[in-house]
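There are two complexes below, and they share chain A, which is joined by chain B in the first and by chain C in the second.
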Partner chain A sequence: MIRKAISKKTRFSLGFFSVLALLLGYTLLSDYQHRRNPKDTVIPNWGQLGEGVQKIVTPDRFGERWLLVDAQATGLRLFLGMTLAVALSLLIGIHMGCFPKFEALLYPSLSLLAKIPPTAAMAVLFVIAGRGYALHITVITFGVLPTMAMAVYLAVKSFPDELQFKAYTLGASHSEVVWTLLFRFVLPKLIETTRLTIGPAIVFLIASEVAFESSGFGYRIRLQYKLVAMDVIYPYLAVLAGFGFLIDHLLRRLERRLCPWSQHR
Partner chain B sequence: MKSSPATVLPSLIATLAVLALGGCTGTEETSEEAPPVFSLAWSEYPSWSVFGVAHIQELIDKDQGKLSAIEKKWNVDIELQEADYETCIMLYGASEVDAACLTNMDALSPSLSVPSVMILPTSTSDGADACIVVDSITNVTQLRGKEVHGLEKTVSEYCFVRNLELLGEQESDHRFVNMDPANAAVALQLKEPTVEAIVVWNPFVMQTLDKRSDVKVLFDSTSIPNEIIDAVIMSQSSLDKPGGENFACALIDAFYAVNRSMADPATADETLADIGAKFASLELEDMKTVVKQTKFFSDPEQGKGLLTGSELPEIMKKVVAFCMNHDMVDREPKIGYDSQAEADLRFDATYIEKVQTDL
Partner chain C sequence: MKEAIALECHQVSHSFGEKKVLWDINLQVERGQFLSLVGPSGCGKSTLLRAIVGTHLPRKGEIRIDVEPNGYGKSSILRTVLESSPVRTVLESSVTRKVLKTLKLARDKPAAAPNSLARKTQIVRGPGRDRGIVYQHYSLFPFLTALENVALGLKLDETSMPYRLVFFQPWKRMRKEHLRLAEEYLERVKLADARHLYPHEMSGGMRQRVALAQTLIMKPQIILLDEPFGALDESTREDLQRLLLELYNQNQEARKNGRPPPYTLIIVTHELNEAIYVGDRLVGLSMYWNWKESGFATCPGATVIYDQPSPVFEPHEVREFERFEQQRQEVRHKVFDPEHLEPAARHITYWDERRNR
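Take a look at the complex of A and B:
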C-alpha cells in the first residue's frame, strides 16, 4: 500500500544510507578524476579538502580568517534582507487580505514582480539602492517579497468567515480581530514560507555578492573558482548546506513553539 | 505494491552500477578509421572568437564527428566548445578539454595540476585594459585613498598594479576594490558617486568612454606591452597523445588562416564583423579600434618572435611575482622556454614552426 507509515529505525537507516551514498559517490568521482590526473584539483580528494578547510579557517597574510569574515558578511546581509522581507510581506499581505481596495491596487503589480528574477534585474536594483548593504537587502527583498506577501495574503483570504463573525459578535474591535485572530492564523504560514524562501534568498544574495562585493560567500566562491581552488569552494558549499539545514530546523522549532495550534508539523 | 528496504537497495545498487559502467564504456568508444578527437574551449574575445569564425568559414567544424578542410589536412577531429571565460579555465583544469583559450596569467593556476604548454599566443592587450577615471582626477597621486573598482586577481588588477609601479606609486597607498567589470562599467556610466575610478577590459572600456564624456583613461595596458598575453594553452598529456601535435598544428593553421582573411581587403570587413558579432554590440568602426587595442599576433613570425624572444622570461617573472603576491597560486609555478624543459607551464614555438614550413 502507498503512504504506509514506516518504523523510526527504517526511516533513520534509509536516511543514513542516502547520505553515505552521497559521500561514497563523491569519493568514487574524486578517485576517478585522480586516476586521470593525479594532481587534479577540480574534484579534490578528502586530503586536499582537509587542506582547503585549513586554508579557510587559519588567518591569511592579512590576518583574516576567510570563513569567519565571509560568514559574518553574508550572514548579516541575509538576516537584514530576510527581516525586511518578512516585515513588509506581513504588512502588505494582511492589508491586501483585509481591504479589497489594497488587494485591487497591489495584486496585479505583485504578481508581475513575482515573475522577475532579481538576478537579471540587478542593474535596476543597483540604480535604486546603490551599493553595499542597501543593494543586497534590496536584491533579497525584491526576490522573495512578492512570493511571501502573496502567501500571507492567501492565508488571510482563507481565514474562516465563521471565526470572524464570532469574534465580532463577542464584541471584538477591528484591530483585535486582526491581531488576536488573523495574525495567529497567518503566523505558521508565514514561518513556513520564510523557511521555503531562504533558499532562493541565498541564491539572490550570492549573485549580488558575485557582482559587487569584496567579502562574503559569493565573492570568495567566484574568486576561487577562477583559480580552480575547489578545495576551498566545496567546504564553503558544505557550510552553506549546513547553514540552510540549521535555519530550517530552527524555523520548524520556532513554529512549534510560537504556534502550537498549527496543523502541520 | 509492498517494497521493503531489502528489495529496494539491491535494485538501486544494480541501477547505479549499470549507469557507471555505461558511462565508462561510452567514453572509450573510438573506431579505428576515425581521426582522434581533441577539444578546445574558447570564450568570446577578439583573438579567440577567431576559432568561432574558423567554424563559420568552414576551416574547422565545431562538432565532433564532422571534419572540415583543416581537420582533414591534419587528420584530427576538433571539437570547439564555447563557454564563459571562467568556465574555460575550469574545463581545462578538470582535463575535460585538451586545450583552452587563456591568458598567460590565468594559465598559471591550472598549470600546477595540469602541466601545460602555450602553443600559440593569439594577441596582447595594447590598450584593451584601462583605468578610467572621472575628469576631476588628473593625476595618479589623486587616486591614493580612493576606491578603484575592478575584478580582483585578474589582468585588471595586474594592469593597475604594474602601472602604479611604473608611475612610482606604492601599491599599499591604493585600494583596489572587487567589482565585476560589467557592473563597474555600469556604475561609472550611471555616475554612481562612490565609483570614480574603474579598471576594466574591452568591450567595457569602449562602452564607458562612449557613454560618458566626462571620464577619461588615466592609464592603460599600452605601457606594459606584451605582458598580458591571450593564448591557446594545451595540456602536455594531450600533446603526448597520438595526434596531439597535429591538433596543435591544426589550431595554429586555422588561426593564421582567419588572420589572413582579416588582412585581405576583400574579406576583411566581413571577417571582422563575424569576430565582433557576439563580443559586443559595437559598430564595425569600433570593432576596428577593439582589434587595434587587442593586438593580434597575426602571422607565425610574430607568434614565434614572442615565444622565443628574450623579453618573455622577464615578463613571466613579473607575472609570477604578481600571482605569488596576490595568493593566486599555492606554489611558484616552474616556467620553461624550450621544448624539452620540465616545467608546469612551457612556451613552445615548435608547432608554429611546423605550420610555417607547411604554409
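Take a look at the complex of A and C:
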C-alpha cells in the first residue's frame, strides 16, 4: 500500500541519513581528487573549506568582511524587490479579480509577460533600468510579478459571491468589502505565493548580480569562480541555502500567526 | 389585528436572456409572518430571494420594503456628541449631511425625532442592512471566529474604516461592547462554548446557527433563508427548525403584550414538511400553471399558484405529521406535479382566510 504512515523516529533517521550520505559522498570525492592532485581547489577538502570560511568572515585588506557586505547588499535588494512585487501584485490581482474590465485588459499581457524568462530579458532591463538597485529590483519584480499577481487574482476570484452579498447585508461599504474582508481572505494565498516565488527571485537576483554587479553574493561567486576558489564558493552556496531556509521559515511563521484559520500549512 | 406590511413584491418578473424564470409575482409579507416558499427545483425560488436581497434586481416590477428611518449610526460615544444641540444645528445643514454620508457616519435618511414611529416604504435597489440573509453554504467568513462573525455586522454597520483608524480608542471600547452583545446572541443559538472556533472547525449545524446569530444581531426588517438546512442531517435540521419556532414564539409573546412582533422571515426550502412546520404561511411557486388559459403561447415563467395559511407549532410540541398530511398532498399535486396545470389564482386564498378568521 502507498502512503503508509511512518513513525517520527523513522522519518528523522532517514532524513539524517540522507544528509550524512551527501556529506560522506563529498568527502570521498574530494579525497579521491586530492590523491591524484594534492593542490586541487575544485573539490576542496574539509580543511580547505575551513580556510575558505575563515577568508569570508575575517576582514580582507580593505577591512571588509565579505560575508557581511555581500549579505547586506543581496538581502536589501531581495527585500526591496520582493516588497515591490508583493505590493504591485496585490494591487493588480485585486483589481483584476474585482473588476472584469481590468481582468480583460490585463490578463492577456500578464500571461504573455509570464512567458518571457527574466534572465533572458535582463539585457533589455539593463538598458531600461540602468545599473544598481533599480536594475535588481526591476529584474526581481519582472520575474515574479506575473506569477504573484495571477495567484492573487485567482484567490480573489475564489472569494464566494455569497460572502460578498452577505457583507453588504451587514452594512459594509465597497472599500470595506475589499480591504477588511477580501484582503484577509487573500492574505494566506499571498504569503504562500511569496514563499514559492522567493526561490526564483533569488535566482534572478544572483544572475543579475553575476552579470552586472560589484557587490553581493552573485558578484563574489563570479569573482571567486575566475580564481577557481571553490573553497569560498561552497560556503557561499551553503549560506545561500541557509538564507532560503530562514526566509521560508519566517514566512511560514507569519502565515500561521496572521491566518490561523488557513488550513493548508 | 393586522400588522404593517414589511415587504411587498409588486408585479415582479425576471428572465435570463431568453429563459423566462419569474412571471408577475405579487406578494405582501406582513410583519411577524414566517413565510415558507416552496416549489419544484429550478422554478426560481433563489432568483426571487436574490431579487429581494437586492443583489440581482428583477427585470420588471419592484420590491418594496418598509424601513424605520433610524438617523445617525448608532455609535454611542459619537451619538452623545452629535445630539448635543449646537452640534446638531450644524449637522442638520445639507452640506454637512453630504460629508457625513460619504464618510458613512450618517444614514441616507435624515434623523427622525427620537420617538417618531414614522415608517417609510423604500424600493429595493441593492443589498442593505435591513434585509438579512442566510445561505445554504458560505454564510460565514472563514477568517473570523464564531464570535467575530456574529459581531461583524455591528462593526460594519456602526463604524467605517476611517473611523476605526482615526478614533482608535473609542473604537476599541465599542468593540468590547460589540463582542459582549455577540456573545449574548451566540448564547441564544446555544453556541456560547464555540465562540472561539473558526468555521472550518465547526459542524454544518453549528455554522448555520452562527449564521443565524450573525443575521439576528442586526435586527433586520426581514430575515431571508435560502435552503438554510439543506446540507444538514435530519436531527440537526429538527433542532434548527425548533430554533426558528422559538423566534416565532417570541413574535406571539410580543403580540400578546401589544408590541410589534420582532421577526419577519421568508424561508425557501424544498422540504414540504419543513415548510409546513416552520412557517405560518405556505406559498407555492411553480412553472406548472395554466398559462394557456391566460393567453400565453409559451410559459412566461413561474408564478405564485398557492398561498394559504399553514398550521402553527410550538417549539417543543411533538411533530404530528398527520396534521401536515392533507396540505402536503394538496401542494404536492398543485405545485409540484408537472402534469397538473392549475389556473393561476385559484389557491391564493391567504388574505381571504385571514379576513374571515
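Everything below uses one rule, namely that the second predicted complex is superposed on the first by the 265 of 265 C-alpha atoms of A that agree within 3 Å, B and C clash if a C-alpha of one lies under 4 Å from a C-alpha of the other, contacts with A are read in each partner's own complex, and residues count from 1 in each chain.
Everything below uses one rule, namely that a contact is a pair of C-beta atoms (placed from the backbone, for glycine too) under 8 Å apart; a residue touches a chain by one contact, two chains touch by 3 or more.
Note that the structure is a prediction, hence the values are computed from the model and not measured.
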Chain A as common anchor, with chain B and chain C clashing or fitting: fit
First (chain B), second (chain C), both or neither touched by A:41: first
Partner chain(s) touched by A:1 [first = chain B, second = chain C, both, neither]: first
Touching partner for A:83 - first (chain B), second (chain C), both, neither: neither
Partner chain in contact with A:60 - chain B first, chain C second, else both or neither: first
Partner chain(s) touched by A:173 [first = chain B, second = chain C, both, neither]: second
In the superposition, chain B vs chain C on chain A residues touched: B
Chain B and chain C, minimum CA distance [Å, superposed model]: 33
Chain A to chain B touching residues, read off their complex: 1, 10, 13-14, 17, 28, 33, 36-37, 39-43, 60-61, 122-123, 126-127, 130-131, 210-214, 219, 222-223, 225-229
Residues of chain B touching chain A in the complex: 2, 5, 9, 20, 86, 89-90, 93-95, 106, 109-110, 112-114, 152-154, 177-180, 182-183, 186-187, 190, 192, 194-195, 237, 327-329
For the chain C and chain A complex, residues of the former touching the latter: 53-55, 104, 126-129, 131-133, 135, 137-139, 141-144, 152-153, 156-158, 160-161, 198-200, 214-215, 218, 220
Residues of chain A that touch chain C when the two form their complex: 160-163, 165-173, 175-176, 179-181, 184-185, 187, 259-263
